[in-house]
Structure formats: C-alpha cells, structure tokens
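The two complexes that follow have subunit A in common; it is paired with subunit B in the first and with subunit C in the second.
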Partner chain A sequence: MLTVRYFAGAREAAGVASEQLEVGGPTPVAALRRALAASRPGLAPVLSRCALLVAGSRATDDTVVPDGALVDVLPPFAGG
Partner chain B sequence: MTEVSSGVGQSDATRVTEDVLDDAAARAVEAAVAAPECGAVVTFRGVVRDEDGGRDVTSLDYEAHPDATAVLRRVCADVAAETGLRVAAAHRFGHLVVGDVALVASASAGHRAEAFAACSLLVERIKAEVPIWKKQQFTDGESEWVGL
Partner chain C sequence: MTDPVTTGAAGARTLPPLVAPGPELSPDDLARYARHLSLPGVGVEGQRRLAAARVLVVGAGGLGSPALLYLAAAGVGTLGIVDDDIVDASNLQRQVVHGVGDVGRPKTASARETLAGVNPETQVVEHRERLGSANARELLAGYDLVLDGSDNFATRYLVSDAAELAGVPVVWGGLYRFQGQVATFWAAPTGGVPGVTYRDVFPDPPPPALAPDCATGGVLGALCGTIGSVMATEAIKLITGAGRTLLGRLAVYDALDLTWRHLTVGPDPSRAPVTTLPDDAAYATFCGLPPAQPADAQASDAQAEVDAGPGRPASGTVTPRELAGLRDGAAEGDGPFVLDVREDWEVAIACLVGAHVVPSGDFLRGDVAAATARVTGLAAGRTVHVLCKSGVRSARVAAVLRDAGLDARSVAGGIVAWTRDVDPTLRTY
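Showing the complex of A and B:
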C-alpha cells in the first residue's frame, strides 16, 4: 500500500489531495506512473510533467518504490 | 502565524510563510545577512504583477509543500557555501494580490558586485528548487497553474 499525495495542479487534475494505492509490493517508478495515469485519466497529461518524490527523495526512472512509501506528485515549481 | 516546517541552525528570517512580507519582514531578512565587514547588502523583492503573457492578472494563489521551509534553508545554505557570502530569503504563500510581495531575498558582501551576483543566484535557485506553486487568476475569470 502506497500513500500518494498530489500538489497544486496535480491535485486539481487528480481531483483528490491524497489516496492510498494497493500495489502488492515494490514497484518500479515507471509502473507506478502508468498505474496512476490509468486510474485517473484526467491526471495523465499533467503527471507526465510532474516529478515524483519517494520517501523524500526525487525518483529517477530506475527508482523502485518500496511498499508503504509516501509518494508526492510535484508539478514544475513556480515560486518567486 | 503559519509556517511550513522549520529547520535548525539558520536564521528564523529564512522561511516559507503565510505571513505578509511587509517592510519589517524585509528588514528581518536583511538583518540576517548584515555583518560589519559587509559594505553591500542587496535585497530583491518579487512582487505580484498585473499581467502575464499579455493577460491581465488579478491575484496569485501560492501553494507550498510541507517541506518548503526546509528546502529554502538548504538552498540558502548551498548558495552561502558556493559564494562564501551570507544570504537569506522569505517566501510567502496563500492568496496574494497585485502589489503584494511574494519573495524577499538578500545577500551581503564586502562590495556590490558580489552581493548583486549572489542575490541573483539565490533567486534563480529558489525558483528552481523550492517546492512552491502558483495559480494565476485572470480578469476574465479564467485561471491557470504557472509552468504546468
């Protein structure tokens, strides 16, 4: 089970601020992205522009998301 | 006072906050970089502008990640380490209207060239690395997330 938090434009596209996602074990980040996009169609175009923060560290294509992790979906930053 | 999670070991002036960034707040950021050997203090204020891309803007809604203050403090520490200078910054979130200050960033140095350069570097790093987002509200009623 993962906890996924959506921020800013990703939250708006997802329609929720956070959700629990059953993944059945360690999950490659690419597979997680596919699962998120499939479960929330409105999110797909935004998700492709977002970074994923897994347990506080920015995920790369090689990251494997451990079961139980907190995953943050972060749109491009726009401070200043 | 509402702030996004704090760190330790740096000035309280460096923070991501819902508080208004008024003159007193800007002075607090400057005070955090002041030192007897520094003859130059450069402060940048980022202010909500009334247009973007030719469209009239009425307000901006800033959102900050819970770790935003910790990231801002790390960014300041990185820039300080790279330049050897004192830097500090405060960023506001919440609902801001045209003319409101969103960001105060200060750097100090012995002389002005280094202080200007460090302040500019600090602002660039903040924009690139601190998890903050903003949604523009236009006069025609539409809105959009900046950068998305």
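Showing the complex of A and C:
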C-alpha cells in the first residue's frame, strides 16, 4: 500500500489531494507512473511532466518504491 | 483530507544567522524598526544583520515586487535587482512595485524609485540586464542570498547552478494561475544541515509544449503577494537566524482552496555537484528551446519559437513580415486567410483586421471535428494562417488543422511579433 499525494495542477487533474494505492509490494517508479495514468486518465498528460518524490527524494523511473512509502506528485511551474 | 505530517525532525532546519551584524543602530533606526526590535529572534542584533545584508532579487515582476517592498521596509541594507524588462500595462495587475506612470520604463529603475520612497536607507543596485551564464557568477558574488522570482525554466536552473557555485542560498518561488510554490534551496548549508537544490527536486524541465502557458494560463495578482511575502519572510529568517526555514521542505499554496501543503524535499545522491556553468545555449537546449533566444523574449514567446527558431522559419510557420507581404500583395477582398485563435477579450485589445476569430479551445477540446470543418469551409482551399498572442496556441491549432488535411501555418511569435515587426500601433498586453 502506497500513499500518493497530488499537488497543484496534479491535484486538479487527479481530482483528489491524496489516495491510498494497493500495488502489491515494491514497485518501480515507471510501473507506478503507468498505474497512476491508467487509473486516472485525466492525470496522464500532467503526470508526464511531474516530479515524483519518494519519501522526499527524487525518484527516477528505475527507483523501486518500497511498500508503505509516501509518494508526492509535483508539477513544476516557472511563473513569477 | 489531512496530509501526513512531513515536518521531519522539528528544529533540525534551524540555521545560524547568514549575515554578521552591521554597526549600531541610530536613534532614528531604533524608532523606525521598533516593531522588529521587540521580536524574539530578530531584536536589535537581527535588525543590524538586516542592515548589513545584501540580497539579490532576480526579476522585478510578480514575486519580486512584494518581496522587494517588504525587504526594503524591513531595512535590508542592499537590494540588487536583475531585470532587463520594461514595465508593461499588463504587469500592473500584480507587479505592485510599479505604477501607471512607470509603463514603458525599465523595471529596475521603476522599482528603485518606489523602494527609495519606502526606505531611503536601503541601497538599491540596478542590474539592468538579463541574467545569463556569462554574468551570473559575477552578479551573485556580491550578495549573501538570492531570491528567484524569474519567469522561465532556463533562468531557474541557471540561478540554482550559479548559487550552488557561489555557495549562497536561494529563496525560490513559482506561480501558476491560483497556485504557488515556495522553498529555500541551498546546496551546502552552514550548520551541518543537509543541502537541497532546485535540481534535486526538479531534475528535468517540462517539454515546452507541455509547460504551463502564461498567455492562456493567467495568474491571480494577489497570489504574488502571498508567495512573494513568504519569500521575503524566508530571506529575513535566513539573515537573522530566526525560526525554522523552508530548507528541506517545499510549500504549495492553493488560493482557491485556501490551503497550504508541505512536501519534504531532500538531496538527490545520484546528482553530480555543479562545478561549472554551461553556456546560455546549453540551458536553452536543456529546456527544449532554440539557443538564440531574443533578449527581450518572454518565456512564452520563446516557447513559440520551438517550431521556428528566430530567423529560420520551419515548415508549418510563417513570419509576421511574410504574412504582411501576402496581405499587401493581395487584391481587394482576396487577402490571405487568417484564423485568430485568441479569446474575444484578447482580440478586443489588439485585432488583425479581416481575421476570423475562433478561440483555440474549439480545436483542442470539445467538438474538434465541427470546428475543423468550419475552418475548412471558410478557408475554401486557401492556406490557413493561424495567429495567437505569442505563437504557442497557434502552433497547436495549426498542427490539428494539418492533421485534418489543411495547409495550416502558425504565425511565428503571434500578435506580439506582428506588433513588433509590422504594426507598432497595436496595443500590447
């Protein structure tokens, strides 16, 4: 079970601020991205540009997300 | 929904004061800063630290405006402002350091004048130039910390890298529509605290086609005050050592929902430390932009050039001058077909006579087939010249129309470039 939190535009696209996700054990980030995009179609285009942070650290596609981890989905924006 | 607590070890981010105290305060200063002097963690000593502090603010725009005003009012000794932009009427909705009388003036000059009225004791240094790879290290060298209120991804990576090289903290803020993000980044903080930089959190910029587009996105003016004020607060805390900074956290603010949420952010152990600054072209390429970006281009304008770099139009685009030539050479009533995909309110500000107005949303959402069929009918076999403000929306619509079999070309740089190159009498926004 993972806790996924969506921030800013990712929250709008997901429609929820956070959710619990059953992934059945440690999951590579690439697979997690696919699972998130599949479960929430509106999220897919936003997700591709979002940073994924696992327990606060940058996660690459190869990073394996341990069971029980907190995953934050954060879109960058540069406006100032 | 309540977020899990992410504060980590409370108090772990307390940092020693960044700046040594300046000289004793004069009686006038004691009176002016009285409300600071009784604050625990600031006090007389903290006020002397503020007076000795040198803060560089990148961008005198939405975030820079409130941050500069509060830092000057707070008695920061030296404020440097890097900006090569001119005040535009469309800035005034949020860039509160500028006024109606400043439209057309350099932002640095306008800001300096306003700040002198707020606090003549603050020395304001105008850096009327665009922050680039060539000047970044020299500019940052003279300052204790940097506030990043710039408006494009390339500059944000550059600020992060230059600050890492200079060893100074970056108070960083970003805005989009009703939402803001703010954080304090520092590659190698004093006090044995783990460092984290912008690159650790955002290793890759979004592709330009997916980057939030300011022209269509917009930004709530008062949101700039919220985030810019937090940036000033963070700067004051770093300078004086008061409280716990945002280092190690990133705060996300939603003005519509009126919520603040926090993420824990940490260093990326796989990231190589910054040891040198790549040139401007490398930053542009990294952010998916053509290297030879015009000095005065906004981020959104630069995105517009993705299909057609300046001076070398790719297929699928037409320059404003080329379109003007087609219009001038045409017989009465037989001009080129122009499809203006801006919103009605934009057309009301500046319009191209004879253009057919169909907002871009009709081609990108909803009944796309109907909108495309309508344009097919109107064009009657002619080339469709698609126009928007800066060329981003028009490029997307032209691609949709080409997919539908039409000969569609995006007007590179949009009405902004048209105004600049063909008809300077049009109003800008």
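Everything that follows uses one rule, which is that the second predicted complex is superposed on the first by the 76 of 80 C-alpha atoms of A that agree within 3 Å, B and C clash if a C-alpha of one lies under 4 Å from a C-alpha of the other, contacts with A are read in each partner's own complex, and residues count from 1 in each chain.
Quick note on the criterion: contacts are C-beta pairs under 8 Å (C-beta built on N, C-alpha and C of every residue); 3 or more make two chains touch, one makes a residue touch a chain.
Because the structure is a prediction, the values reported are computed rather than measured.
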Original post:
Who does A:70 touch here: subunit B (first), subunit C (second), both, or neither?
Top reply: second
**OP:** Quick one: classify A:25 as touching subunit B (first), subunit C (second), both or neither.
**Re:** neither
Subject >> Touching partner for A:9 - first (subunit B), second (subunit C), both, neither >> reply: both
**OP:** For A:48, decide between first (touching subunit B), second (touching subunit C), both and neither.
**Re:** second
Original post:
More subunit A residues touched by subunit B or by subunit C?
Top reply: C
Original post:
What is the contact status of A:57 with respect to subunit B (first) and subunit C (second): first, second, both, or neither?
Top reply: second
**OP:** For subunit A, give the residues common to its interface with subunit B and its interface with subunit C.
**Re:** 7-9, 49, 56, 72, 74-80
Original post:
Residues of subunit C touching subunit A in their complex?
Top reply: 1, 3-4, 6, 59, 61-64, 148-153, 155-156, 173-176, 179, 181, 200-207, 210-212, 214, 217, 219, 248, 250, 252, 254, 261, 263-271, 299
Subject >> Of all residues in subunit A, those that touch subunit B in their complex >> reply: 7-9, 12, 46, 49, 56, 72, 74-80
**OP:** Can you check the complex and tell me which residues of subunit A touch subunit C?
**Re:** 3, 5, 7-9, 11, 16-18, 45, 48-49, 51, 53, 55-58, 60, 70, 72, 74-80
Subject >> Residue numbers on subunit B that touch subunit A, as the complex places them >> reply: 46, 62-63, 65, 67, 91, 102-103, 123, 126-135, 145-148
